[in-house]
Structures are given as structure tokens and as C-alpha cells.
Amino acid sequence: MTGFDLGRREISIEEIEELARKYRTWGKWGADDELGSANFVTSKTIAAAAGLIRRGDSFALALPLGASGPQQGTGRVNPQRVTLVGASDPVPGYPRQGFTDDAVYMPLQCATQWDGLCHAFFDGETHNGRGVDSVTSRGGAQFNSITNFVGRATGRGVLLDIPRFLGRDSLAPGECIQADLLQACASAQEVEVGRADFVLVRTGHLADVRRSGSWGDYAGGSAPGLGVSAASFFCPREVTAVATDTWGVEVRPYETSKMIAPLHVVMLMNAGIYFGEMWDMESLAEDCARDGVYEFFLTAQPLSVTGAVGSPVTPIAIK
Amino acid sequence: MTGFDLGRREISIEEIEELARKYRTWGKWGADDELGSANFVTSKTIAAAAGLIRRGDSFALALPLGASGPQQGTGRVNPQRVTLVGASDPVPGYPRQGFTDDAVYMPLQCATQWDGLCHAFFDGETHNGRGVDSVTSRGGAQFNSITNFVGRATGRGVLLDIPRFLGRDSLAPGECIQADLLQACASAQEVEVGRADFVLVRTGHLADVRRSGSWGDYAGGSAPGLGVSAASFFCPREVTAVATDTWGVEVRPYETSKMIAPLHVVMLMNAGIYFGEMWDMESLAEDCARDGVYEFFLTAQPLSVTGAVGSPVTPIAIK
Amino acid sequence: MTGFDLGRREISIEEIEELARKYRTWGKWGADDELGSANFVTSKTIAAAAGLIRRGDSFALALPLGASGPQQGTGRVNPQRVTLVGASDPVPGYPRQGFTDDAVYMPLQCATQWDGLCHAFFDGETHNGRGVDSVTSRGGAQFNSITNFVGRATGRGVLLDIPRFLGRDSLAPGECIQADLLQACASAQEVEVGRADFVLVRTGHLADVRRSGSWGDYAGGSAPGLGVSAASFFCPREVTAVATDTWGVEVRPYETSKMIAPLHVVMLMNAGIYFGEMWDMESLAEDCARDGVYEFFLTAQPLSVTGAVGSPVTPIAIK
Amino acid sequence: MTGFDLGRREISIEEIEELARKYRTWGKWGADDELGSANFVTSKTIAAAAGLIRRGDSFALALPLGASGPQQGTGRVNPQRVTLVGASDPVPGYPRQGFTDDAVYMPLQCATQWDGLCHAFFDGETHNGRGVDSVTSRGGAQFNSITNFVGRATGRGVLLDIPRFLGRDSLAPGECIQADLLQACASAQEVEVGRADFVLVRTGHLADVRRSGSWGDYAGGSAPGLGVSAASFFCPREVTAVATDTWGVEVRPYETSKMIAPLHVVMLMNAGIYFGEMWDMESLAEDCARDGVYEFFLTAQPLSVTGAVGSPVTPIAIK
């Protein structure tokens, strides 16, 4: 497959702000809404998605949460599992018994995760016009916490396997997936992307990094990803979520030097579309390539950490 | 409904050890098995469970993971969400932007959770005969980690609503659910419990505590729960998991003074049946009472914390 | 000893603001100063303090940092020591050896501690006029971190044992220590409080709580402590620090309903005097009562946690 | 200065075991002793050390506890300071006020630290013959916790500045400091090392790493350090503690392939001498070189974390 421009474009901040306004859903579900595109999820969409379970094959899309994770020294750390009670710790009065117990310290966005709608702010505002005081240090998100997604993070999943569509192993850092490529890939895979969908966009970057044997700058470095025009593919289709196998959904470096994470601003905080990051789609993608079926049942409930702005997640796709 | 003896019995340690041996599945799936009753989960059981999704109504069964949780000063603490980046923190070079981030310190078994098979040891052994060296402090579970359940924690859920069956609001601390009561309740609810099922046993204790406005000794105190004979209901039926709305599945005080958590020994570490604890079944139970349907699709993936012996979970039931 | 009014007074916010302005040291040591009254500490004051070491008897003034600590369910938690490597964990290749290791999750102000100057803000300002942006969530204190105190938290310690002076075991919650009482106590103990001193004010409240066998609301409840007029005792004397055996230095409830922690505003963030909280002065106080010497060498270095606004500390008094 | 062999020697495990037995102090202070060489610290040694404070100049010897620390991806992480309450977080009812608060997750041995006597085990034993059950995962050290050192970590400090004595900037990784070099350095510096001393051995390795601008493998890699024969210098002199500016006191690679950390076994767990690691002696060493005085007052209290096997510390030397 050829003819797609994977180059980044330099986009003005005005253009991005215009897109943000255009796809903004603030107020669409009321002044108090904290769900955003999770509003598209209904009993009907869930029941329909259940119809996609045919063979019952289940694919877990989570990276291990441990020392082998992608955080390599800058910013967040990998999850730190620690021991509370060991196997040989005595149980007073019951010398034949033992009970193990452990704990974890972890940044909530350190591996396979959901971004909550309030992860991004622009001009002091986030989803539905909430100000910076809507996320305090003491309590975390007073509004728009990722916990609102609990119970609604279920529906039809669609995989757009970009490198396979292009006949390649993977996209390279800096290569950019625009709206036309998303559309062409969906058409070739014979899936239509629509309302309440959870769209998984595979770049092959995670597989690349894995093959290399080292995470390198996977967390926070250059990466393939969505270009800004992807917003005009996803937003009008009213999807609920978009996830990638990269650290931050978007192409890096970004398509503008005037702001960072422009798609987070347009799609996450303005359109209210949830972003999934660092999802491991490799075995799912192989299965889809095998049977040619790129849609499935998907469920990916956040942890219900009160006030959290993001959450680790163990997404499951079932075909 | 009357005629059920809810009293605890004093059971000898020999009797419990005999039950443990009787229902032991060690070796059943090979010397290297770490899955236990998760082996019963197959594509077929998952596909069949998907057939139980009719209306698409989704019920989240997790308690909030926060300061309002059940840990009240003894043993584990409630989850501590902490802020890594606040909404007003500057993004260097991008004064109009903000990105929030948070982290958590939490015991992995502090609220709605799964016990891994290696949570319990007896005579220095846990599931499949692994010794105490199979769970180290440094790396956690080298075998039988709860992460083995990832991707298999999906199937048919069955709710056994014991207090509703008995015409009561809840069971009282110390009241004991034995095999005959489980059978009678299932029959009355017109469900058969079978292989690969995830059985949710409601005691009403969580609702009681909630009504009281205080957790009191919910975590670690007296509670209604399963009696030892429950093993002879669940084990032969080859269920995958049993969850309750109590802290520890079993009736407390236990039915023996000679050991603690006897059902953990019999069912969890010997039979290899996963235990779910502190599951909030209240709205699901109301729905089941309304439509008379006590079976549903259930998915409850653990976090993939490397080496974890237990895991917080956001279980979802879909009817 | 009688004749001292231990009652709280209702003080207007204007009066407190006037005191804050009166004792404000902002600019005194330059616009960039982050040390406040730690500027009074010099080689000379340290050398002089060393002269107070006569017998070489050392008194540790720290509470244990563990589950038995004063945090009982509201706000901060007690320190959570967790195990990284256990004594029986294998050392690969060296079966005869073992190395233990542990970690801690702890609020930095959960037990015996120092408040940094930037712990308190009023009208968006803290010590030396720094704004709220001087303490970010991401990096913590960009200015006025408690780490500035490292190396300077040494000098002459003076104990003012208020209840012993009054012929009582302890002060009661709500009882208030004013300037006249401080002066009278110092005179009776034959110590003069002066520049660069570390003044330990004992209320007996910690001993009371210990005798009771339960922390109760020691952390955040009613307590004896300093009244607002204490500022006019300490500030003109140019002390470096004031510590008490209570949770928050000040009498609680406060002497005003219009603000909280008025002395933190006057003395800590305006005068730049460090506050030590939850210091255990019991054995030191007994020794002072025995030999009649109420001055000593004191050293109490904070942990050097980058960006910290407060710090746990193990203060040592040596006589 | 020349003529010193800095090469590592291959030492047999039998020789090390013999040294361990030779210098073992188990039982010396009773079967219940948990203090080891801290028993040498008395009022007298502290009072004498106070006499070394002349000018009152204070030197803090701690590395910052933060993201810039020496832990670079293997084993322990650097301290994670996190925000509990931010400067702009509202104080309900008091809009003009703010109070900041933070917490830390940190391995207790991740930077400038003390090893507790029970940090090392050999043949299932640690200081004073305690078995592996003396350090449990649940409670940590039941015996020999570093908290026993609180109040006794004070005394005469002696700096042995090995590279300056040798006329070099620093020792190279793998270079070994043996007993003869320690003795010659002390003689040249005109200090005698003796009972209850806290001996700081400078290798210059920390300065080297700092100059290089990168920690590299400072934590856990090759390093200069003490050779096994150092035990025969320190143990007979009955010092209380030995600290270095390296990660692990000992030369690395070790002088034997048959065990790891042989000096930890001989000096820490058998002789009961406390080990200080990652102490930053640079400004102190410059001062000593300037005035030719290599002895001083030193105080370095551990945190009182209940059950801790090691502790971060902010050591202070005062001359």
C-alpha cells in the first residue's frame, strides 16, 4: 500500500484552537457532565458489542506492571511492588500457616493506561469548562476523574492495524497517521468506525521496541502516532476512546512547536474522547490478520481510585 | 425461607485437612500449573457467557479506592492517591497548558480484590505444592501470581443472594452459609452452578455496614460468610472463582480454633479456586431480584503487577 | 505557680495581620533569602552551643515512625515500612548469604517533624513574599524548602517545661501558653531565650496521651499550645525554631474563628521561625528537672528530600 | 605517596570466615544485645567528641533525596516525593489561606544511609546469632533494627582522605584500600583511630562521578573501596562505624568470587560495626585539607522507622 504521506505537518496554534472549538462537546450533555464520549456508551452499544464474541478467544492488552516496564529514568517510575507479609512470616498461634500480602507504589499512568478527561488543561480549562481548581492536589480530580469511566469502558473494539495495512512491520518515530490513512485502513479491513467505538490504532512501535530488547526513549521520546487531522476522523464519528501502542497516542515530535500534545487538547479535553496509551495489541493484531476480523468486544475498566486523573488498566478484547 | 442452620460448627483440623486433600487439584493440570481453576476457563465458556448479555446493562462491583475505604486502622491502609503534577503546575515553555498526573500507594488487597492462589500457605506449601521459596520478598510470587489470572478472569457469573432467598436484609456476623443453603438458594433462583463459573455469594453484610455509616471492623472483624462445608458445594462443581461482599469470604469467627481461614486452605490453595473479596454486589443484586435472572457475563481482570499475590479489581457484570 | 491566664482569647484577624507585618522578616536577608531565622545560626552560635555539652548525655526526641504513630485515620497516614528483600530471599549464586532491604511510604509531616517556611500561605504568599507558584505539585518547593535547613538545624536548645513550672502534670486541651507565661517559666528555669535558639516548649500533652493508652485526636484535635501572644516573646528574641510536644505548636481550638493556625502565619511564614511538631521531650524534661539545667546542645537535621515542605527528623539534645 | 598496593587480592572463603569468627562480637554485650559497636558510644565519648567543635563550622554529608539521586534503573529507585496538598489547594472556609503537605516513597537505603546490623545474613544468621526469623517481611527487623542506633550515632568523626594522602584526585573502580594504607593515611594526617570512632574513608569516587556528570553505575557497579584486610585495622580499634563516599563501602568487584560483600559479613554482622554508604565528604575533606585537622564532632541519627534494616540519614560533621 503506498501513496500516504506519513510526514508531520507544521500546524499553527490557531488551526488547533479552531479544531478544538469545532469538536468541543462541552455542554452537549449538560453543564455538569463529566463523562464526555462515555455518554455514547449505552446498554444497546454494549449488547451489540457482545454480539461480536464468537469464538470466545480473549486477548489481554496490558504490559506487565513492574520493574521491566517502559519508564526508564525520566519522569514517572515503573510500579514498585513491595512485600507486606512474606510466605515465611509467622502467623501468631498458627505455626503451620502463612498468608502473603503485598502493596504497590505506582504512578497511575506509568504503563498500559487510560487518560482521564482532566489530564489536559488549556487556558486554565479542561473538559466541560472546568477550571484548574477542579483538580486539587489534596483530593485529585473533583470533576472529570477517570473513575467516571468505570462501568462504561465496555463496547465494540476496532483495531486499525496501520503497519500491516501499509505492508510494513512498523511505523518509524516521527511518522504520522492522518485521517486519510485511518479511513483507508478501515476500508481495507472492512470495518466502519462509529459511535461508542473503542478504536485501537496499532503503529507497531511497541513491537519494534520489544524486538530491540530495550525500551530506550519509548516513554517520552520520538514515536509514530496520530497526526492532528486524526481528530477530523474520530470526532465526527463519535467514538468513545482511542488507544495506541505508543506512550502518548500522538506523533512525536508534535506537528507544532507552539504547543505540546495538541491532540490531547483537541480530542481528550475538548471532544471528551478517552485516550488509551501503551496498549499491547500484538497478539490481538496477529489474530485479526489471521481471520480478517478487526472488530471485537472490548472491556477496559479503570481502577476506581478516588480522584484519579488516569488509571492503569488491563484491557481485554474478546473475539 | 426457613429451616437452615446458620450456626457455625466446630470442625477439627483433621477434617479440614481431609477436605483439603480431597479437593486438592495439585498435579491435575501438570506439575508446572499455576492457573488452578482458571484452567476451566476456555474459549467455549467465555463464548457461552457472552450469550448471557441480553440488555447490555453493566454493573460495576468495585468499592472506591480511597480514604473512604474499609481499612480502618489495623493492618492494611486505604489507598493513598498522591499528586505528581497539579493542574496549575507550569509546563515549561507552554504557559497556556497544563497536564495533571497522579500516583497511588496501596496494599493490593485493601478493597475489592482477588486473592491469588499463593495468598495462603499450609505446612510450607501453596498451590500445586510450591514451597515458601516460591514467593520471595524481593520479587513476590515467582509462581502462582495473580497475574496468571489476567485474560482468564472472564466467564459466566452467578449471584447467590442468600439474604433475599432467606427473606432477610442481611446475614449477621458469625452466621454461616453451608452447602445445603447454597444449593437451596441456587435452586430457588433457578440457576445451576457449574464448571468455570464465577459465583458471587451475597451476604448483605456490606449493605449493612454501609447503612450503619461506619466501616467498623468490616476489615478483619466478625462477619457472615461461607462455612467449611461450602467447599463440598463449590469444589465438585469445578467453579473458577467465588466472591463475597465481605472482607474474607469465610464466616468469622472461623469454624475452628485450630487454624485460621480454613476455606482459604481448602478451596484457594488446595482446590485452586480464586477468591474475590469486598465485592459490592448491591445494585447487581437488586437488578437480579427485579428480573429474576441470576446469571450474567462477568469479567474481572487483575492488574498485571509482576509478582503480585493479590490484586485490586474493577469487576463488571453485564446482563 | 499560679496567676497565669491559660484561657484562649478571641483575637481579630486585623490584630493577627498586624502582628504578621510587625514581625515579618521578608527582605531582611535579601530578596532571595530562603533561610529565614536559620540565618541567625552561625559558626559562633554552634560553637557556643557545643559548650553546653558537659556530661555527654544524649536524648533522642523522635517518636517511632510506624504503625503505632499518632495518625489515626484522618488526613495523613502513619509511615508504612514495606519489605523489598527479606532475610530468606535467595542471593543468586550465593546460597549461604542474605541481604535485607526495605522502603517506606510516609507523609513527611506524620510524626516528629519540621515545618518548612513554605508550609503556610496567606493571601497567596509565603516566606519572603514568594507566591503559590513557588511550591508546585511536580517538584514541590522551588523556594523555601525545608532542605535549606540542612546543616543549620544545630544550636543551643532551651526547654521551657510549662507544666512543671506550673506544678502540674500537663496542660489540658484548649489551655493557652502566652508570652508572660513563657517569660516567667524561663526566668524560673534561669535561662534566657535569645538569638539562634531552638526553644522546646513542653505542654505535657504527649505524656498525657501516652498515659491514656490511645492517641485519640492528638493529630488534629484539641490541644494545649502557644497562644498568639507567644509571637511577641519569640520574634523579638530572634530565635531560630520553636518546637512543642503537640501536633501543631498552637493552642487548639485557635484563638480566632477567622483563620486557622494564626501563629503559623505570624511566626513561620512571616517571621521565618521554624516549627517543630510532635517532639517527644519526656526524658529530656525529666533530666532537666533533675539537674536544673534547661539548656543544651541540639541538632535536628531534616532529611534532604528535594522540594520537601516539611521533614521527619530525629532531634538529639545533648547535655 | 607511593608504595601501596591498591590491587584486589583473591581471598578464600575460609579466610573470610576465619576473620568473621575472629572479630565476632556476638555475646560480648550479652545474648540480647542489638547495639553491637554502638555499645562503645558512651556519655564520655560523646562529651570528648564535643570538645572537637572549635570554630562551629558545620558540614552536611547527605546527597539530595530526589530524582537526581544515584539510583539509575537497577534495584532501588530514587526517592519519590509526591504532593499531598498543593499551595493553591483551598482550605475550606478560609479562602485566604493555604497549607502545603507532601509525602515520600523511598527505599531506605537509596542514598546517604546507614546499614543496620541485620542488613546482612550468613548461614542464616546475623548479628548476635539471630536467625532469619529475626527480620520478617511484615514487621521488618524484630531485632537489630537500625532504630537501635538512634541516640547513639554521635561521636568523634575521623576522615581518612585516601586519595589526598596518595596525591591523587580519586581512586579508580577496583582499587582497594587495605589496612596498611589506612594506617599510613591516619599517621600522615596525625589522627589515631580508636574506640567509638566514626571513621569516614574518602575514595574520591563520588567526586569523580559528579565530575563526569552522570551517575553511571555508581549504585552497584565497580568502585574503589575497602579491602578485606581493612577489618584488621578497624575491628581491633573498636570503632563504632565506618562510612565511605561509595555505594557499598567495599571494593567492587569483591576480593573473592565465593561470596559477595565479604566485609559486610565480617565487619557489619559479625563485628557489629555500622556501615555508612554514599556519604558526601567533599566539602568536609576540603576543609580538613585546608586546616590539617582530620577529626571532628559527628552526629548522624537514623530515622526511627520501626523495624527498618537501614535508614537514610543527614550526617553532620562540626569542626
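Order of writing sets the labels: A, B, C and D. Residues in every chain begin at 1.
The rule we apply is simple: a contact is a pair of C-beta atoms (placed from the backbone, for glycine too) under 8 Å apart; a residue touches a chain by one contact, two chains touch by 3 or more.
Note that the coordinates shown come from a computational prediction; the quantities given were computed from them, not determined experimentally.
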Intersection of contact partners for subunit B and subunit D: A, C
Chain copies touching (subunit A, subunit C) - same or different residues, decided at half shared: same
Intercentroid distance (Cα basis), subunit C paired with subunit A, Å: 46
Subunit A-subunit B separation of Cα centroids, rounded to whole Å: 28
In subunit B, residues with contacts to at least two other chains: 80, 83-84, 86, 88, 101, 103, 105, 132-133, 136-138
Residues of subunit A that touch subunit B when the two form their complex: 42-50, 53-60, 62-68, 76, 79, 81, 83-84, 86-88, 91, 94, 96-109, 112, 118-124, 126, 132-138, 140-141, 147, 150-152, 154, 259-261, 264-265, 297, 299, 301-310, 312, 314, 316, 318
Subunit D contact footprint on subunit B (complex, rising order): 80, 82-84, 86, 88, 103, 105, 137
In the complex, subunit C residues that touch subunit B: 72-73, 77, 80, 83-86, 88-90, 101, 105, 132-133, 136-138
